[in-house]
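You will see two complexes here that share subunit A, one where it goes with subunit B and one where it goes with subunit C.
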Partner chain A sequence: MLVAVASGKGGTGKTTLASSLALVAAEKGKVIFLDCDVEEPNGHIMLKPRWEKKEAVRVPVPEINQEKCTFCGRCAEICAFHALVVLPQEVLLFPTMCHGCGGCWHLCPAGAISPGWREIGLVEEGSSEGIGFVRGRLNVGEAISPPLIEAVKERCRPGELNILDAPPGTSCPVIRTVKGADFCLLVTEPTPFGLHDLELACEMVASLGVPCGVVVNRSDGDDRLIRQFCQQNNLPLLLQLPHDREVARGYARGIPAVKVRPEWKEYFAALLSFIEEGGCTGARTGGAQREGRHGQDYRLRESGRTGSR
Partner chain B sequence: MLADCDVDAANLYLLLDPVVKSASPFYGLKKATINKEKCLGCNLCLHLCRYDAIRPGFVVDPVLCEGCALCYHACPCGAVEMVDHVAGHLFHSETRYGPLVHARLGIAEDNSGKLVAAVRKEARRLAEEEKKELIITDGPPGIGCPVISCLSGTDLVLVVTEPTFSGKHDLERVLDLAEHFGCRAAVCVNKWDLEPENTRAVESLCNRRRVPVVGHLPYDESAVEAVKRGRPVILECSRTMEKGILALWDQLKVLLN
Partner chain C sequence: MKVAVCARESHINSPVDQRFGRCPYFVVVDVDSGDWEGLPNTGCHSGGGAGIQTAQLLVNAGVKAVLVDRIGPNAMEVLARAGIQVYEGISGTVSQSVEAYRQGHLKLLSQPNSPRHSRRGRS
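So, the complex of A and B:
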């Protein structure tokens, strides 16, 4: 099963949620954490894996044989990404602009272009306290992350719980992460920014046909904004994590939320069983089951508050 | 002049109460469609497409199609058409603080880097027209294409970080990126008092890299409260936060002059 953790807005607590979820899931079964935020991967800071192997990820890029080239300019003309410029006696390639589509080597009339390879980043694998760990790391200066995200997702293990920690936003890197997931958890915070970006994220997830549920992080007890939105859009509000300075401090030092507040574990466990026991369909049909979850959210909030006193 | 370049999730306009003066469509790269009447079903496009965007039955998946047009050029029967594609919208608004250019990327669209470039171009045009000397650009997170598009040609990049291990890790990557593109950077530590020890680590990192730390903002509930009310933090925050922001601005003015 593939569960993606995403949010429109950065800094809402995706990694906090994903790492705690992985730790709780690992107590019961096999789980693998895949850090798809390849621009700024942070999961390793919380889960501290021991690295076992790494592999470079390469994308195709044209190699130009200047001797065969007639400088006709056809490659630059067809390149939709403006990665090639043909001068009277030289062809210039801007590798970071290249999307590797292969147009130039398939269509060069002189057969002067062949596919070569270029490294854009690394996929590293390891494990931490029984949790399988995979992360992608984009090389600084590289613009295009989706091929690296694909390489991370290729390490998903069928039959296990795969937790995908998505990058922030709603555009291609996030889409690449969430596409094909069985369920998507959208993390938000109870502010107008949080709500606005949640709306965008929901539309994005819906357009991919992935069922989703909402988690409010740093809740101060007044989540009307988010609650209303969820009700209007028939989305399950699955969990409200209270605003807790100790959890924030734990995060600052790389300590996952459930290690700072072990009493939160049961709520992550409930969230997991909701997803595993057909949360995917529940998210669409709504109804009684969801109401039950709402009741539980309140308990979590109360308990969290007592804990932080 | 303000430009919101976090085109995935633009938030600046939520605080500035803008009046939208004009909206224009933003065209991404044209995307392929296949004309079934001309198609002979030779499978060449399916075979060539590196993005697996052509589904069986010769239907193009618009989410996966990157607009490279290889299928269009290669199709032996001319059955592929490249069609214009509105990937988002660009807005020009007026706020009481100055004009604002912002954008909204369509749902599940790519080309955010290109839209960032369009926002910045429009902001520069307006700034010249209205004789504004300073363009403040609100950038996207990360180090990928929209961020790269946001950094190029700026006079100063203000990197906002927080005293967490993740914040420090990400800060290093953004500073590497700024250095890679030859941009001058300065750092502001938000929530600095959450973990003062980590703040010191961020400061020594900046020191080592010769990047000035120009601001320290406190971990302050009043900032969250202001945002919850949809108001700019400086208008409705605690005295400490206000002092922090003003001190940051003083430092920035020195760097910009």
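So, the complex of A and C:
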């Protein structure tokens, strides 16, 4: 099973949630943590894996035979990403703009372009306390991360719980991470910024056809903004993690939330069972029903919530 | 000799545009005869690589110099390799900028004067 942890807004707690979820899942079964935020991976700070192997990831890039080239300009004309410029006596390539689509080497009338390879980053694998760990690391200055994210996702293990820690936002790298997941947890914070970006993230996940549920981090105990949005959109609000100074202190020192607050483990366990028992279909067809069944198990601040009504 | 100026509109009295890759038009002026023509910048709506595409347009148009306010590293590299001179410091209208160029008031650029645009996002 593939569970993606994403958020529209950055800094809401994706890695906090994903790392604690992995630790709790590892007590029951096999789990692998895949850090798909290849531009700024940080899951290793929480889970501290021992590295076992690494592999370079390459993407195709045009190689131009200047002797065969007639400088007709066709390649620059068809390049949708403006990676090629044809001067009167020279062809310039901007490798970081290239998406490796192959249009230029297929369409060059002089047959002067052939595919070459260019390294864009690394996939590293290891393990931590029984948790499989994979992360991608994009080389500095590279612009295009989806092929590296794809290489990370190729390390998913069927039959195990695969937790994909996504980059923030709603752009291509996030889409590449969430696409094909069985469930997506959207982490947010109870602020207007959190709500705004949650709305964008929900649209993105819906258009990918991936069922999702919402987790509020740094909950104020009420989270009215987020709660209303979830109700209006029939989204399950799965977990409200309190704003906790000790957890924040632990985070700053690279200590996962459930190690600071072992009593939180049961909430992560309930969240996992919700997803594994078909939260997927429940969330898609009607979150409210699911909420009713599981609500009290995984809500941390049930009393705060009802008390405010 | 043909000189291109970054412009908001397609005529000689247009206000100049501060951007290179994203300016909607160039006004191409023949500094010897004073003739001019508007050149729509087909690169200005591209998702990414606007500066590169715009530089290719000017290479194809056969200009020898371009007058700009700001220009980034990719465009600068293309123009430098193509032997097109880049002058900075335009203001007011296209005709005022061409006059400043004629009088030697604009500075010849050898390095980009604007940072690379953010590449995070659609890729």
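In this section, the second predicted complex is superposed on the first by the 290 of 309 C-alpha atoms of A that agree within 3 Å, B and C clash if a C-alpha of one lies under 4 Å from a C-alpha of the other, contacts with A are read in each partner's own complex, and residues count from 1 in each chain.
Heads up, the rule we're going with is that contacts are C-beta pairs under 8 Å (C-beta built on N, C-alpha and C of every residue); 3 or more make two chains touch, one makes a residue touch a chain.
Being a predicted model, the structure only gives us computed values, none of them experimental.
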Requested in this report: Could you say whether A:L92 touches subunit B, subunit C, both of them, or neither, answering first, second, both or neither?
Outcome: second
Query raised in the report: Touching A:A143, do we find subunit B (first), subunit C (second), both, or neither?
Result: both
Requested in this report: Answer with first, second, both or neither: which of subunit B and subunit C does A:W117 touch in the superposed model?
Outcome: neither
Query - Which of subunit B and subunit C A:W51 touches, first, second, both or neither - result: neither
Query raised in the report: Given the touch rule stated above, what does A:F81 touch, subunit B (first), subunit C (second), both, or neither?
Result: both
Query raised in the report: Of the two partner chains, subunit B (first) and subunit C (second), which one does A:S171 touch, if any: first, second, both, or neither?
Result: both
Query raised in the report: More residues of subunit A are touched by which chain, subunit B or subunit C?
Result: B
**Report entry** Doubly contacted residues of subunit A, that is, touched by subunit B and again by subunit C
**Finding:** 39, 81, 99, 143-145, 169, 171-173
Query raised in the report: Quick one: in the complex, what on subunit B touches subunit A?
Result: 7-9, 11, 14, 29, 48, 50-51, 63, 66-70, 73-74, 105, 107-113, 140-148, 162-167, 169-170, 173, 176-177, 180-181, 194-195, 198, 219, 224, 227-228, 230
Report task. State the interface residues of subunit A toward subunit C in the complex, per the touch definition above. Result -> 39, 73, 76, 81-83, 85-88, 90, 92, 94, 96-97, 99, 143-146, 169, 171-173
Report task. Over in the complex, which subunit A residues touch subunit B? Could you list them? Result -> 8-11, 15, 37, 39-40, 42, 45, 60, 78, 80-81, 99-103, 106-107, 138, 140-145, 167-175, 179, 190-193, 196-197, 200, 203-204, 207-208, 220, 245, 248-249, 251-254
Report task. Would you pull the subunit C residues touching subunit A in the complex into a rising list? Result -> 43, 46, 48-50, 52-53, 55-56, 59-60, 74, 77-78, 81-82, 119-123
